[in-house]
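The first chain written gets the first letter, and so on, giving A, B, C and D; residue counts start at 1 in each chain.
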Amino acid sequence: MNAVSTSPTGSAVAVTSSELLAAVASRELAGKNTVFAGIGLPTLAVSLAQLTVAPGIEIVYESGVCGAHPSQLPETIADAVLITDSEAVLPMTALFGYVLQGGRIDVGFLGAAQIDRWGNLNSSVIGDWHAPKVRLPGSGGAMEVMANSGEVFVVMRRHDPRSFMSELDFCTSPGPDRALRDGIRPLGAGVTRVITDLGILARGGVGEELRLVATHPGVTVDQVRAATGWDLQAADELTTIEPPTAAELRLLREDVDPDRVYLR
Amino acid sequence: MNAVSTSPTGSAVAVTSSELLAAVASRELAGKNTVFAGIGLPTLAVSLAQLTVAPGIEIVYESGVCGAHPSQLPETIADAVLITDSEAVLPMTALFGYVLQGGRIDVGFLGAAQIDRWGNLNSSVIGDWHAPKVRLPGSGGAMEVMANSGEVFVVMRRHDPRSFMSELDFCTSPGPDRALRDGIRPLGAGVTRVITDLGILARGGVGEELRLVATHPGVTVDQVRAATGWDLQAADELTTIEPPTAAELRLLREDVDPDRVYLR
Amino acid sequence: MQNPVAESTTPVPRPDKTMTMRDAIAAFVPDGATVALEGFTHLIPTAAGHEIIRQGRKDLTVARMTADIVTDQLIAGGCVRKLVSSFVGNSTAGSLGELRRRIETGRPAPLEFEEYSHYGMICRYLAGAQRLPFYPLRSYGGSDVPAVNPGIRKVTSPFPGPDGEAEQIYVVPPLNPDVTIVHAQRADRAGNTQIWGLTGIQAEAVYAAKRAIIVVEEVVADEVIRSDPNRTVIPAHAVDAVVACPRGAHPAFAQGYYDRDGDFYRSWSHISKDPERLQAWLDEWIRGTRDHADYLEKLGDEHWSGLAVGEAWSEPVNYGRRL
Amino acid sequence: MQNPVAESTTPVPRPDKTMTMRDAIAAFVPDGATVALEGFTHLIPTAAGHEIIRQGRKDLTVARMTADIVTDQLIAGGCVRKLVSSFVGNSTAGSLGELRRRIETGRPAPLEFEEYSHYGMICRYLAGAQRLPFYPLRSYGGSDVPAVNPGIRKVTSPFPGPDGEAEQIYVVPPLNPDVTIVHAQRADRAGNTQIWGLTGIQAEAVYAAKRAIIVVEEVVADEVIRSDPNRTVIPAHAVDAVVACPRGAHPAFAQGYYDRDGDFYRSWSHISKDPERLQAWLDEWIRGTRDHADYLEKLGDEHWSGLAVGEAWSEPVNYGRRL
């Protein structure tokens, strides 16, 4: 990334990849009420959205914390600073059963080692599950976030063919199309946005593939296609993503993460 | 009832029906750890058992209170005095799901309008359910106490053919024999003791009918048979119930219910 | 892509959901709605029930595990077409006159009744809160209740039972009320609700509902709630309206606020036994009062002093703060 | 009929279940047992895991939603035959070296692994706690996990779906550990356990188990627990042993007692990457310490001062007392 912004003090500071992704993701949260998010880029994006496009938006953490008012930027989803001064700490049964499966999350943020054109995700293994080349952490709550959130945003720092695959090595968290083929009625739209260092892929819901809908300035469609392991289709009206504005950068740098814990 | 006991002060005081039933029921609790009980006779019995045959026994209330240490005798299972100073107050999901259905109750106490020879209970209606002569309160938690407790004790103040019936008007809370016929595996033994103003009926578990095993002094087998709506069988070795001892009566009157709220 | 323009960094505003009882009932309890009123002996949303009667709602389906005085009043008030319940009785204090008349005689109008056990109702709320198509439970085997309630069905487990054979179990369907109304000790303006003492099935009944009204003894400052987030039984995102209504659970109790009005419970059996006396009572105490404050004024301060409770404070716990 | 002879009216004695960690592990964790160790990032029963290693337990099946450092240590300690988990990673701080070696290379010995999602594990505990034959959940449709885990099956709902057609749903089987071990802030001697901050799945994991060991920062007077019975997450009747073991969750945190040792989490990726270094670490810090007090002494007071937390006390609530 080579976007450059002017800092509040007037000196030019390079926009980091984290700032770019957080700013772009935050804009997608307009009109949303509840977000299920992990620490790092997703929380940066939601915190920025709270200060910009979605003032009332609430983050629900996988640890059960609702309405956090942390005194410092948390290091994990279970950080003690998220709990003190929060509005509610839910037991796991309520968090996963009533909030997530209950359908009270508008947008879930997920990451993954591999994603395919339908927005299915693999976070379990590279290679064969029974004798994996790399054993990854597995689902955690990802399968539930995928199955139950209204829609899912995926933020990927690196858009490359090893992650954007034609065939997943293993499907941990399936989108609604796979669920339907398995005879299970899906409750959410699955992945609707994939925000990467090259651009934004989007799909509307059941039956739709991820398509390229926007690119960062200077990124070409061919570049994104080359970085994608399937025959990626592009929208007819492809837009260019506006780089983080001075206001967004100032909020991120001065209010959301002044110690630059995640804005590295 | 016409048993007479000598009060601690030396004067003869007639033993009330409540005292008799509470004392007799308390003796049946030897060796038990957890009891699910309502207010009134069952709590009197358990409180007396705590002071006599089962010092460690714990009452779990349908309201979710465990380890109550009430400052006064409670009026209902949800009385505020049961909650203040208690050891735990459980939400309904934990009480019914984890404690009761989870199999952590040794003995459940139940009452009913009608009982049959298998210990099935009716607390829903007198007459036809769709146009009842009397609409009774219904199951409450009785169905779950019956299905999930290790065994069930029933205390009936009045042993008569209108309550001890050959055919129930309606079965609200079935014992294990009815469950089996319905294709459902029972988890508990069902009713094992019925303690009445005439004596004690008992059964061991699946496949067994309630049999008369003991009578109060002066009560004949024929008297109990006449008060029972089915062809009641009596045990070969019928025992005579020892009336409440002086110690039991003193504990009931001085410690358990000094204001005689339930010992009327 | 949207371009945010916010220039300020003021703290994120929390929504203010406080409303009057009148407005909350008017907004969220339409005729014909399925309304869950929960609270197990403790914290019964009586004042909300009275306001439903004042506003003359019709054809409601009322879900309430322990259908007690407020249910009898709602039925007598002509608000209820159908009752879904697991216990229909006036606590330990006697009968519900109107409910029994309706079911036993069908007069002045029949009442549709769907019967469950307590855990059957709990499991219906659990299924509703979790968007499950059904919830399994170990009771109902051999009971006559499934014969009169076709909502209770069987499923065969895909795992063998302990004897190696196929195992069957009863299930109940989800209950998703149009609105759930509960009473609580306190909430903040956004709806973070704290309950202590008996917490019952309130959280699940709220999560299962499309809308939720929380009636509280006190609306408190955000800082009070945030000092003890584990005490929050219902989080703000599940709440639509917060109604401040002190003593709104009468004749039920609110742990730490006031005691149960045992005399009223006992008197209800007599009041409700006679339909004319019951309607006169409704006219005087509910239809004849403007709101719950008016009802309380009519009851009088002396009445309330008899229900006052003393102090038994919890030991605070330390949530800690990073140094 | 039995004839009671008690003559005294002393208060009912509560059982005293306090034990040393050594005795509790020796009594309730035999070779080959299924052991659930729960605590979601917060209150991880690390000290109990270390004692299992010290006592050289073999062939355990370990159930733990977030299999993290203590799980890696147990595997490296040769205690574990099979792992049942929904997340195998060192929090956000890197990898579990031993676990990855066992699964990726099968060296020095293979590790049987049963994979779930978080809610899959939660539902297994829910089914276990409720004696249900299965528990339904809305995820798993289309996932490859059921293909590698035959415990995850489907059931057809007896109620039609929204389209009127038959509806299928996945279910998981109950999990009933031989023993569940959890860490908590405080308990009384009988086992009434209070937890604040993240309460996770601890209660369900305990209720699902045949036996339960509660490790606590403090054993407190009965009066402390009884001042706030709603804070009791696990009641005494579900508990078999209470072990006082301050700082027993390290490197995890205990809300209000000490903070997370982030440096240790980060260092674990390096320690566990090299099998020899990992065994040397186990020799020095676990096998080479007599108990957790010894481990703490070795860590040193200075280390602990860096994890100290300040004060943020909850506002007390009034439980009330009848006047």
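Keep in mind that, in the parts below, a residue touches a chain if its C-beta (ideal position, glycine included) is under 8 Å from a C-beta of that chain, and two chains touch if they have at least 3 such contacts.
This one's a predicted model, so the numbers in the text were calculated from it and none came from an experiment.
Annotation of subunit A and subunit C: jointly contacted by D, touch as defined at the top.
Seen from the C-alpha centroid of subunit C, the farthest chain centroid is that of A. Subunit B and subunit C have Cα centroids lying 30 Å from one another.
Between the CA-based centres of subunit A and subunit B the separation comes to 58 Å, rounded to the whole angstrom. Averaging C-alpha coordinates per chain places the centre of subunit B 38 Å away from that of subunit D. Within subunit B, contacts with two or more other chains are made by residues 65, 80, 83-85, 89, 93, 97, 101, 148, 187. Chain contacts: subunit D has residues 126, 130-132, 137-138, 154, 161, 167, 169, 196-197, 199, 203-204, 227, 230, 255, 259, 309, 312, 319-322 touching two or more partner chains. The touch graph of these protein chains has some other shape, matching none of line, ring, star or complete. Two chains count as a pair here when they touch; such pairs are A-C, A-D, B-C, B-D, C-D.
Those residues of subunit B that touch subunit C in the shared complex are 39-40, 62-65, 75-80, 83-85, 89, 91-93, 96-97, 100-101, 120, 124, 129-144, 146-148, 170-175, 177-187. Within the complex, the subunit C residues that touch subunit A are 1-9, 12-15, 126, 129-132, 188, 190, 192, 203-204, 207, 222, 225-227, 229-230, 232, 234-238, 319-322.
Per the touch definition, subunit C reaches subunit D in the complex via residues 130-138, 153-159, 161, 167, 169, 171, 173, 185, 194, 196-197, 199, 224, 227-228, 230-231, 255-257, 259, 308-323. Interface residues of subunit C facing subunit B in the complex, by the touch rule stated above, are 40-42, 66, 85-89, 91-92, 99-100, 103-104, 106, 115-120, 122, 126, 137-145, 148, 154, 161-162, 167-170, 196-201, 203-204, 253, 255, 259-260, 262, 309, 312.
By the touch criterion given at the top, residues 24, 26-28, 30, 33-34, 48, 50-53, 55-56, 58, 60, 65-67, 69, 71-72, 80-81, 83-90, 94, 97-99, 101-104, 148, 187, 200, 214, 239, 241-242, 245, 247-248, 251, 254-255 of subunit A touch subunit C in their complex.
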